[in-house]
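Note that the chains are named A, B and C in the order they appear, and that numbering of residues resets to 1 at the start of each chain.
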Amino acid sequence: MNSHIVYQVLDLVGTFVFAISGAVAARQRRLDLFGILSVAFVVACGGGIVRDVCIGATPPAALSDWRYLATSMLASAVTIAAYAKVRRLRFPVLFFDAVGLGLFAVSGAQKSLTYGHNAELAILLGTVSAVGGGVIRDMLLSRVPSILEREIYASAALLGALVFVVSAEVGAMSAWTPWVATAVCVGVRLLALYYGWRLPVYRGTKARREDARTRTNA
Amino acid sequence: MNSHIVYQVLDLVGTFVFAISGAVAARQRRLDLFGILSVAFVVACGGGIVRDVCIGATPPAALSDWRYLATSMLASAVTIAAYAKVRRLRFPVLFFDAVGLGLFAVSGAQKSLTYGHNAELAILLGTVSAVGGGVIRDMLLSRVPSILEREIYASAALLGALVFVVSAEVGAMSAWTPWVATAVCVGVRLLALYYGWRLPVYRGTKARREDARTRTNA
Amino acid sequence: MNSHIVYQVLDLVGTFVFAISGAVAARQRRLDLFGILSVAFVVACGGGIVRDVCIGATPPAALSDWRYLATSMLASAVTIAAYAKVRRLRFPVLFFDAVGLGLFAVSGAQKSLTYGHNAELAILLGTVSAVGGGVIRDMLLSRVPSILEREIYASAALLGALVFVVSAEVGAMSAWTPWVATAVCVGVRLLALYYGWRLPVYRGTKARREDARTRTNA
């Protein structure tokens, strides 16, 4: 299979999965039809648009390639039609969200490398592609982005992008690399969910008391 | 009249109108002089800046062409000087906001076509030009963007951009096209306001009960 | 000393200082290790990334030049290791924040001029470089950007960028210019803090009563 097509497919499946998560969030907020379509599209494509603007790939593919818009609209339609069912699928939604995370981390890193940029940029923009849409969604809905407060999420995306880019840099790239890197990200994310893994949070007792006092006085 | 000048005028009148709506919002929040100028400029020019970055028209015209900044400052000065009057004009503010929406939807779509991009991008970026400033304003002021919760607004902008771009694509463009497309957007927006039109909101009784439970537990 | 190196040093010192302020804010919110690193990086580099995208300098230096990421990580490590000490330094934090403001205003304006853009763009983007990271931080943490409500801050950055760009435009640029412009910004900011200077806020008695009524009814 042509490797260009592989990344296209990764990207469109990731778009579909993320658009569903966006549409569910928008429907829970009672947004109207247009609001649901908009939030689904932003969650699915926001990260990729930021990535494309940063690597100079204008206009962003998500805005000029009709397949991204069509995929988002299809996902919105599925969500609206089968909302009662989609809502109850707590585990599947988290599962697909993890899959989207891995797919976007890898396809984002790969696109950045394709444009001839260096490894650091590819790793950072792979991560941005994966988590950007969710951050924009949370900023739109006026809440602190869950990725900043939550379990291992952005760090799993970073790890997936890292595995992919390091493989590419050391010349160990094969037809398996994108799948392995995606699997690493998805696996770490799902294991973190299952076992409740967290990154260290720093709170010395003394500093915490002072912070509490600051907040009370503020 | 030179058609390039027509779009320039559309754009600057839209800038003036939107800057007034931004300055009023900033003054209601008791921001200082600099805050009023900043919010007015962001509301008036934010959508166009995002559009220009997406089509690769850097630096964005709103940042490098002094007329946009001057227009925003003039609108802020008018708002500050005549605040008591401007505030009471509920209908005129909504009217001018609708006019700005139509003007930006058309001038944004046209600029995207001028840069040689496809119809989908022109329609999406016309809409972004029209609603982008307002979305950024709401994100800055930490509230859910009203366009996501409100009556027909972004969808009117989309319709105006659609009429314009389809006319251009089928070769039906004439000196009247920009005005007709603007009028369609403004008309739909004003009729939606007057008659209270809304897009469908989906809420099955059962899913609603479940959402309510989720929110209570969250 | 090579003038290119001067601006590099300005930029990296500014990055370090702003990253500390971001890391302190993130730790106060109890974010985990990754959250602290992310917010520190965004505060330190967000303004510069927006500037680079607007002048077409893609990929943005902060994303592709490892020294920015390394500087942010170093600042985060220092903050985590010495948090109890850093927290108590109220005056030093405000002082370094003012220094970062001045450094970024000047290095941002200079980069825009280097890319051949006009004076207005250089002044606006110098200001954006200086305050952009803080605005993005506040949008991420779901609060109204303090620069919109606060004392003289963005206006000090604007003044520093203005002094620098006007000097360059009238041919009065010397080896001292960047330092003088930085000092103007830092000085105005610190004096405003010390004496409690504020820009005028407009509130006619009558309009205020009406605003209060509007808010109550809303």
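Operating definition for what follows: a contact is a pair of C-beta atoms (placed from the backbone, for glycine too) under 8 Å apart; a residue touches a chain by one contact, two chains touch by 3 or more.
Protein names from UniProt, one per chain: A, B, C = Trimeric intracellular cation channel family protein.
Computed from a predicted model, the values in this text were never measured in an experiment.
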Numbering shared by both copies at the subunit B-subunit A contact, with half separating same from different: different
Cα superposition of subunit A on its sequence copy subunit C - rotation in ° rounded to nearest 5: 120
Between subunit A and subunit B, centroid-to-centroid distance (C-alpha), Å: 28
Multi-partner residues of subunit B (at least 2 other chains): 53, 56, 139, 142
Interfacial residue positions of subunit B with respect to subunit A in the complex: 53-56, 117-118, 120-121, 124-125, 135, 139, 142-145, 147-149, 152, 154-155, 158, 198-204, 206-207, 210-211, 214-215
Residue ranges of subunit A touching subunit B (in the complex, touch as defined): 26-36, 38-39, 49, 53, 56, 58-60, 63-64, 66, 69, 80, 83-84, 87-88, 139-142
